[in-house]
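In what comes next, chain A is part of two complexes: it sits with chain B in the first one and with chain C in the second one.
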Partner chain A sequence: MANTYTLIASNTVGSGGAASVTFSSIASTYTDLLLKASCRSDQSNVARSWRVQANSTDITARNLDAEGNPFVVFSGTSANMNTNGTGSTSNTFNNYDIYIPNYASTTAYKSLSVDGAVENNGTDANLKLVAGLYSANTAISSITCVINAGLFVQYSSFYLYGIKNS
Partner chain B sequence: MTTAIEINCETGEVIERELTADELAQREADAKAAADQKAAEDADKAAKAVEKDALLAKLGITADEAALLLG
Partner chain C sequence: MAAGSTYTPLATQTLSSSAASVTFSSISGAYTDLVLICSTKDTRVNSGADDFQLQFNNDTASNYSMTYMQGDGSTATSSRNSNATVIAGIEPGFNDTYGTIIYNIQNYSNTTTYKTTLIRYNVVNAIVRATVGLWRNTAAITSVKVIGESGIASGSTFTLYGIAAA
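Take a look at the complex of A and B:
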């Protein structure tokens, strides 16, 4: 059971926006990592709009989505996550947690879980769960959030926490 | 300008730089792949909606009545 959270680093995107945000040189001294992302796109098409890479490599994934009004539930193999954009409520940012246990292992592939929500003024919403896999024995020392088109807008924020189990 | 932000967790240094030509090309490919995936998912959802409507008509019940049965 995790009992310590340490903020490793954070970033809030500036006025120019950003195509990607990378946390590099992550120390291997924690048990797990948790990335909290609150972001928004400058595009109108914001479905499957951003994703996470470990050591500059896309993760493989199975996803479960519930979206629309009324909700439609479907599953797939997409690691791409949704976000708010120009077509949704002004100044509203998505809310995602990306949890990576055992990230420093050099003997096992790394599983990770993603859960997040995108809200649109109570008229529409998207809930997403992703079970992901980084298929390498290498310790994860960098994590990148990549937006597929357009930019993460100003005030999008990313907080990376290290968690120890003792 | 398309910017990448890199935060070095060891030193705390933050670098903001323009994407390279290779990164811009990869980004275009990523955008197309994501759009294609979304289109395939939308087509699948639309096909299932048609199948659902046909099944409801066959059973002679409404979607609300079906939800009551399954809830």
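Take a look at the complex of A and C:
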């Protein structure tokens, strides 16, 4: 059976923390990319606290954000993701899936589908859906997760998978 | 889901010219779930209309229903319909850019339960939507049809994957 769901690279943040995590020199040999991020900030303000860049360029977005306490659902144009932080329960990390079809195309812009969750056994928990766009025909050869303030803490992990359609 | 052998490409279609619909038929019952990845747009320039639809097993009777929530960058909304002839959806391509739809069709081959699908629409720079759809039929799903009421544009790609639990 074909091995169509392949781990390309992973990065687990070390004890010093990291302001960003980059996957570079991504081969164009897959059909789609899937980035799985489990991360946490060393800051207390964790809403819209990190973002994704393709080829060092911020993606644009429409988002849908749901917070359970107080109950609110809203939509905006920010491409920033949420995470757990110093105000969260210890050892809680967010969970984000970022799917990029046809990332290697050189003739079309790239649409991203992002599903994220921050759970905390309390406030500062939320669900986020993002429709992202990288507005360039260039193949995506690097992806960077950038924290807007502070650092990703130790044990934050990022896994990049390549998915082939044959 | 990281093991390649459990994530198998069943078929892929790339439209070389516009089409009214795309169908995957004779789907084997050998998997647990199906995932359909679509990078697509309709044949109009500015749309984002509710005209991308889903049907199973060529069933055109009023056996479908769906509920969705979405954000357009300023407003979060939710809606639903019942006793429909399709699982209604939104075309994701906009201003000549291909958008992304991801269909997750759970337990598609069982013959004892109605079938539920989770759908993520990513309309580029316009709308993010999550939908749950229901097909009230206990038959195993052997065909999946995506319908573009205004036509599906050339260059759109559709890949169907089978997910095996073991």
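The rule is simple: the second predicted complex is superposed on the first by the 158 of 166 C-alpha atoms of A that agree within 3 Å, B and C clash if a C-alpha of one lies under 4 Å from a C-alpha of the other, contacts with A are read in each partner's own complex, and residues count from 1 in each chain.
Methods note: a residue touches a chain if its C-beta (ideal position, glycine included) is under 8 Å from a C-beta of that chain, and two chains touch if they have at least 3 such contacts.
Note that the structure is predicted; figures quoted are calculated from it, not measured.
Residue contacts after overlaying the shared chain place A:26 against chain B, while chain C stays out of touching range.
After overlaying the two complexes on the shared chain, residue contacts for A:74 are found with chain B and with chain C alike. After overlaying the two complexes on the shared chain, residue contacts for A:132 are found with chain C alone; chain B is out of touch. Of the two partner chains placed around the shared chain by superposition, chain B is the only one that A:148 touches, whereas chain C remains out of contact. When both complexes are overlaid on chain A, the residue A:160 reaches chain B alone and has no touch with chain C.
Taking chain A as the reference chain, the count of touched residues is higher for C when chain B and chain C are set side by side. Of the two partner chains placed around the shared chain by superposition, neither chain B nor chain C is touched by A:123.
In the superposition on chain A, A:15 contacts neither chain B nor chain C.
Looking at chain A, you'll find residues 74, 76 touch chain B in one structure and chain C in the other. Of all residues in chain A, those touching chain B in their complex are 8-11, 13-14, 16-27, 45, 47-49, 72, 74, 76, 78, 80, 146, 148-149, 151, 160. Across the interface of their complex, chain C is touched by residues 1-7, 31-32, 60-65, 73-77, 99, 101-102, 107-109, 111-113, 115, 129-133, 135, 159, 161, 163-166 of chain A.
Within the complex formed with chain A, the residues of chain B that make contact are 1-12, 14, 16, 19, 27, 30-31, 33-35, 37-38, 41, 44-45. Residues of chain C that touch chain A in their complex: 1-9, 12, 37-39, 69-76, 92, 97-100, 102, 120-130, 155, 157, 159, 161.
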